[in-house]
Amino acid sequence: MTELRIGMIGYGFMGRAHTNAYKRVSDFFPELKYKPVLQAVCGRNKENATAFANQWGYASVETDYNALLSRDDIDAVDICVPNDRHREIALAAAAKGKMILCEKPLAMDTTQAEEMADAVDKAGVANTVWYNYRRVPAVSLAKALVDSGKLGRIYHYRSNFLQDWCISEDVPQGGASTWRLEAASAGSGVTGDLLAHCIDTALWLNGGVANVTAMTETFVKERTHAETGKKEPVGIDDACAFLCRFKNGSLGVFESTRYACGHKALYTFEINGADASIRWDLHDLHRLEYFDHDDEGRVRGWRSIHVTDHGGDHPYMERWWVPGLQIGYEHSFVHQLADFLAALEKNAPCSPTFRDAVETQKVCDAVLKSAAARSWETV
Amino acid sequence: MTELRIGMIGYGFMGRAHTNAYKRVSDFFPELKYKPVLQAVCGRNKENATAFANQWGYASVETDYNALLSRDDIDAVDICVPNDRHREIALAAAAKGKMILCEKPLAMDTTQAEEMADAVDKAGVANTVWYNYRRVPAVSLAKALVDSGKLGRIYHYRSNFLQDWCISEDVPQGGASTWRLEAASAGSGVTGDLLAHCIDTALWLNGGVANVTAMTETFVKERTHAETGKKEPVGIDDACAFLCRFKNGSLGVFESTRYACGHKALYTFEINGADASIRWDLHDLHRLEYFDHDDEGRVRGWRSIHVTDHGGDHPYMERWWVPGLQIGYEHSFVHQLADFLAALEKNAPCSPTFRDAVETQKVCDAVLKSAAARSWETV
Amino acid sequence: MTELRIGMIGYGFMGRAHTNAYKRVSDFFPELKYKPVLQAVCGRNKENATAFANQWGYASVETDYNALLSRDDIDAVDICVPNDRHREIALAAAAKGKMILCEKPLAMDTTQAEEMADAVDKAGVANTVWYNYRRVPAVSLAKALVDSGKLGRIYHYRSNFLQDWCISEDVPQGGASTWRLEAASAGSGVTGDLLAHCIDTALWLNGGVANVTAMTETFVKERTHAETGKKEPVGIDDACAFLCRFKNGSLGVFESTRYACGHKALYTFEINGADASIRWDLHDLHRLEYFDHDDEGRVRGWRSIHVTDHGGDHPYMERWWVPGLQIGYEHSFVHQLADFLAALEKNAPCSPTFRDAVETQKVCDAVLKSAAARSWETV
Amino acid sequence: MTELRIGMIGYGFMGRAHTNAYKRVSDFFPELKYKPVLQAVCGRNKENATAFANQWGYASVETDYNALLSRDDIDAVDICVPNDRHREIALAAAAKGKMILCEKPLAMDTTQAEEMADAVDKAGVANTVWYNYRRVPAVSLAKALVDSGKLGRIYHYRSNFLQDWCISEDVPQGGASTWRLEAASAGSGVTGDLLAHCIDTALWLNGGVANVTAMTETFVKERTHAETGKKEPVGIDDACAFLCRFKNGSLGVFESTRYACGHKALYTFEINGADASIRWDLHDLHRLEYFDHDDEGRVRGWRSIHVTDHGGDHPYMERWWVPGLQIGYEHSFVHQLADFLAALEKNAPCSPTFRDAVETQKVCDAVLKSAAARSWETV
């Protein structure tokens, strides 16, 4: 058994989710050689960082990420800060030879992302990007079905990520809780925050995107800045939709918004193949719906698969409870971490790597460019 | 082509639904030899009966059912009056050699039902009871699946019929619209009105019932009588539930009420067999849900079959529109009528006959007896 | 009571559906002054037209539409032939002063549509286009909710029409059954056949469209022609998706295909407003889903409204059975016809008129132009 | 901060679930004074117990529960062994002054349960029974709605717990994994294992049960014993259904089985009140369905509440992630433990206590007695 000493940079929503994964993974994947250890958390506000360390059990606190990266007792860093700071930290961490687990989106744009991917590849450090939804068991099952060829030639891919928390004009921008609404910190709005998930999954399930046409909208033009208290223009996209052609000839339709009243985090996708179709919905994350045209005609219908079975049928589920009993959203991080640790034992990459995430970034960039130029853009 | 001249007795909700069937059947089942003709409608109130005749196109009006039965130009009578008058009319009609299509429940009790079944059998007249739900395409498909042996040994049958229109104490009893709440007219409450449907379907799908234990309740003890305007005790059961053992060894659980807030006419059933299960719900009547244990493990799930396909896959549906497009509740009557007319050509019985309906009556009687005696009763 | 003598031109799927409406409407809307009479059906194949007339009860048969239009005993014509013949017949009918009920899409393109709208307006004849889905009770309820202002400022509109019947390459094009796959007869593929429905509903519920960007695809490049038996290039769009901006500032995403395995006729729409959202699905056509942000927080959720209530709550439903019991797809035609007849009494237009349908045509044209030019197009 | 040193007795499925709760509770409820510490696990097989201790982090291992109970460094014991051993361990633990957290059902019968409740009350030790489903957020919300009076007078309660894992005759009885099928270890079958959950929730939500009539069935009469390898008669109930009257006048229908093909752990309940209804389903455990008759008529429908909101709307959810993101089955144990620890600070009981659980036991006993005697039984 080998300790994997974690240095966590940032401690917001994602910091909590990742920390939970570090604390759970050995309970449910006891065969793994590497055992994460909560060595240090790093945040600029010492008081808050210390409170987080105390609550979650980090052994130490740093307020400067360079100090953290200089420590010999840190094997891997987890980057959970706003998007605009991913690049500098990742480059520094790679230079220090640390493994890196980076929150998505990897970067502000493709240029940054490629620089970061080059850096980790050059440094030869293990790396992964927290596109966690790949490891929801129902989504992993979807991947297995696609890979097994059950769907046949793919005609259509459609995916949405719909939220409604920005409808009120009183939601501020900037600051620790709402930096996702500030262009300087987040880069983009729903494109990088939500569509990036949809795109990552799509590339994984359906291959590369050839070209796109997109539109974006900012419905609320000004929001108070959480730190300055002043009204400032909103620079991010509140909503984004795009059409695309995949390299395999299938058509894609994607939409994301934070103004879809009634939807909290409705990430969905559907794939229509010549022989079968599948669809999934984050709000009922254990259900995979599957339609198999080969079923006998009179009993053909969409199957609602409750992805909780054992016996190898349903990915990851044997690690948890008994059939019929669900696990939560946060377990997707546990699974990704388990896969990362298993890959480490074999010196293998853990997808999505930084290099994989560059592809998602390219699509995001093409989408934003298309929306601005009102033209089709090649990815 | 032969005219089948109909004499309709009663013209309430069911009179309308049956009349609609007589007017539609030849459009959608043009190959049938017999074509219904709306010869006469019979009702005690001449003005109302005439208005009904004018609206729907009946050629004549009678105010005395004996006068109707004495006419030579009537081939078949349809009995749509309150339950307490089924027996006398059916016996008289059989004596006159008329075919009889009788609204359910067939009678007030088993004794009456057997007398009526004896009468039609002795007279040799074609007869059927309007347990129309058998001919909802999804329910007919359920029957085909059971008969094909797909379910294997049956363990469980459960069925509900839940409504909520009686929660208000202001709903009256008696009279043309609410005779179903008056014991003298209806015989029983939900048992004869709603559970009779559940039982008819169950006997058809799962065979005979051996014994039962039941409970009934009358939540609102007094209701104003629609005709007298006076508060009178309520004699019918507002709710009824029973457990039973079927002759095939399976267990049954049935429940009906008019006090289930939120349910308008939620007739459901589910059958669990060793190899497969099915369930159905009147509120989404084109959906049959089906679970097949033989499906490959990782993609095993409840299938939501939209029972609208052609090519022989889905009963009756080829007669209507195109796949994906639904038909309504009232089409179940059209189907039963088409089957009745087709059977007539072959001198065959059209299930459920009066004799078949006696079996449902026996279960209803045992249920009511059990509820009164607080004991298990043999059917 | 006044007879409205119908001359039906064409007798395919839509001819049947419209005929059914003419035969039902007086039963369920007895107060209407106008009673449709099936005066004549017109088709080039006399044998087939006669068979149709016999089955459905048309009094006479014509094989030349000019002969039909010349008859004094025809008040209104119903145009149910392939799209490429709508214009000539409508112009001739208007010239003869006949009322016109025309199947959708109104025309092959906007130019034709405007010519037709001008003609009926000039002739002063009553007219309507069979965009029947407006009169599905749940869709009519959606309109009432939008009009009442319950949704507030609209942010998003999304709509799909997904089918799967063209996946097999063996489906032919052209001929009586599959003219919808032949460009010469149909004009376009899913755009005119399916998206036109989505667009008509969208314009009705959400107002005009400002501009669009679209993509189309023809997955199967050649199909055997049903009449020649020869392989011919496929000229229609198998799939089409477009993004748009509505004039009210909301964003639209539309998609249609005949290659979505598992969907038979899945017409759906969803509208997200600042205060409430609604969505609907043709496969469960009596359900309207509604989310009201004003509901108390802890019990806020999407409501599944079973649109079958009486008391004025649910449009049209009081005409039919009792709460909880559904009606079918074809009843939407009965409702549109009833509204047409009621409008006739008041000399009022019955929406969608030819003029209304021009707007849908304009959007279709912009969509097809955008797909060809790979550019945003103004409507 | 005070350590609460846990001695876990047994380490099967429930041992894992409870241990997980002890390890998580302080992360998500950091304000609690008591912090559980995994002091010892006790099991008769030293090797297995040691493996469990190593995987989960217990500090020590015992093979004799008396040795465990004699240790001064154990504050609370958690009883996770088969049902037949609950009583002896609980009595010994109480005698030693240990707090007790006992897996359900509390005992083999009411006599045992009362003895155990008397013992903990006499000893004055904190105690709770792991009827964990009360703390699923959607179920806790149901309780809040009932308590707020939103449902009005209650008419109906129905609840099922359906599984399918026993259909195969090859499933053995007895032993570590399948002791639930052996009468000597489990006492009863689905009654104590599954219906006990339904009954506990029902008593909590709807008050006491007055009387019952029940039926049970053992479909597979013999199963191989996992330890002896010999076929032995099956003494437990494979299925059980019962009708009851609650003390508040409402009617109850309950059913449980392990032979419902297609259902893994389908625990459901529905309550119909005069003003509103609610229903819930373990397979989609974050959804609470709610129907409020007071909603405006035209938009009245079952609401699907995704119980993941913050701001105090949804019980426990603020502790976890963000709205729309689910937690898992096992979090119900974390919540019960948090409530237990919070109650400890205030010297208050944590429901359900042993005394509360006696009431569930009484209903189970009446059900089994009724099934055997084929008679109504008073609870």
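All chains are identified by letter, namely A, B, C and D, in their written order; residue positions are counted from 1 within each chain.
In the analysis below, contacts are C-beta pairs under 8 Å (C-beta built on N, C-alpha and C of every residue); 3 or more make two chains touch, one makes a residue touch a chain.
Quantities reported herein were computed from a predicted structural model and do not represent experimental measurements.
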| item | value |
| --- | --- |
| Chain whose Cα centroid lies at the greatest distance from that of subunit D | C |
| Selected from C-D, B-D or B-C, interface repeating A-C by over half of its contact pairs | B-D |
| Winner on C-beta contact pairs when A-D is weighed against A-B | A-D |
| Subunit B and subunit D: spacing of chain centres that average the CA atoms, whole Å | 42 |
| Inter-chain centre distance, subunit A versus subunit D - centres from mean C-alpha coordinates, in Å | 35 |
| Interchain centroid distance [CA atoms averaged], subunit A/subunit B, Å | 54 |
| Sites on subunit A at which at least two other chains make contact | 263, 302, 306, 309 |
| Of subunit C, residues touching subunit A in the complex | 155-156, 158, 162, 164, 167, 213-215, 217, 219, 239, 241-243, 245, 251, 253, 255, 257, 259-263, 272-277, 291, 293, 302, 374-376 |
| Touching residues (chain side subunit B, partner subunit A) in the complex | 141, 144-145, 150, 288-290, 292, 295, 297-306, 309, 311, 313-314 |
| Complex interface listing, subunit D residues touching subunit A | 13, 17, 20, 23, 26-27, 30, 55-57, 163, 165, 263-266, 282-285, 287, 306, 308-309, 320-331 |
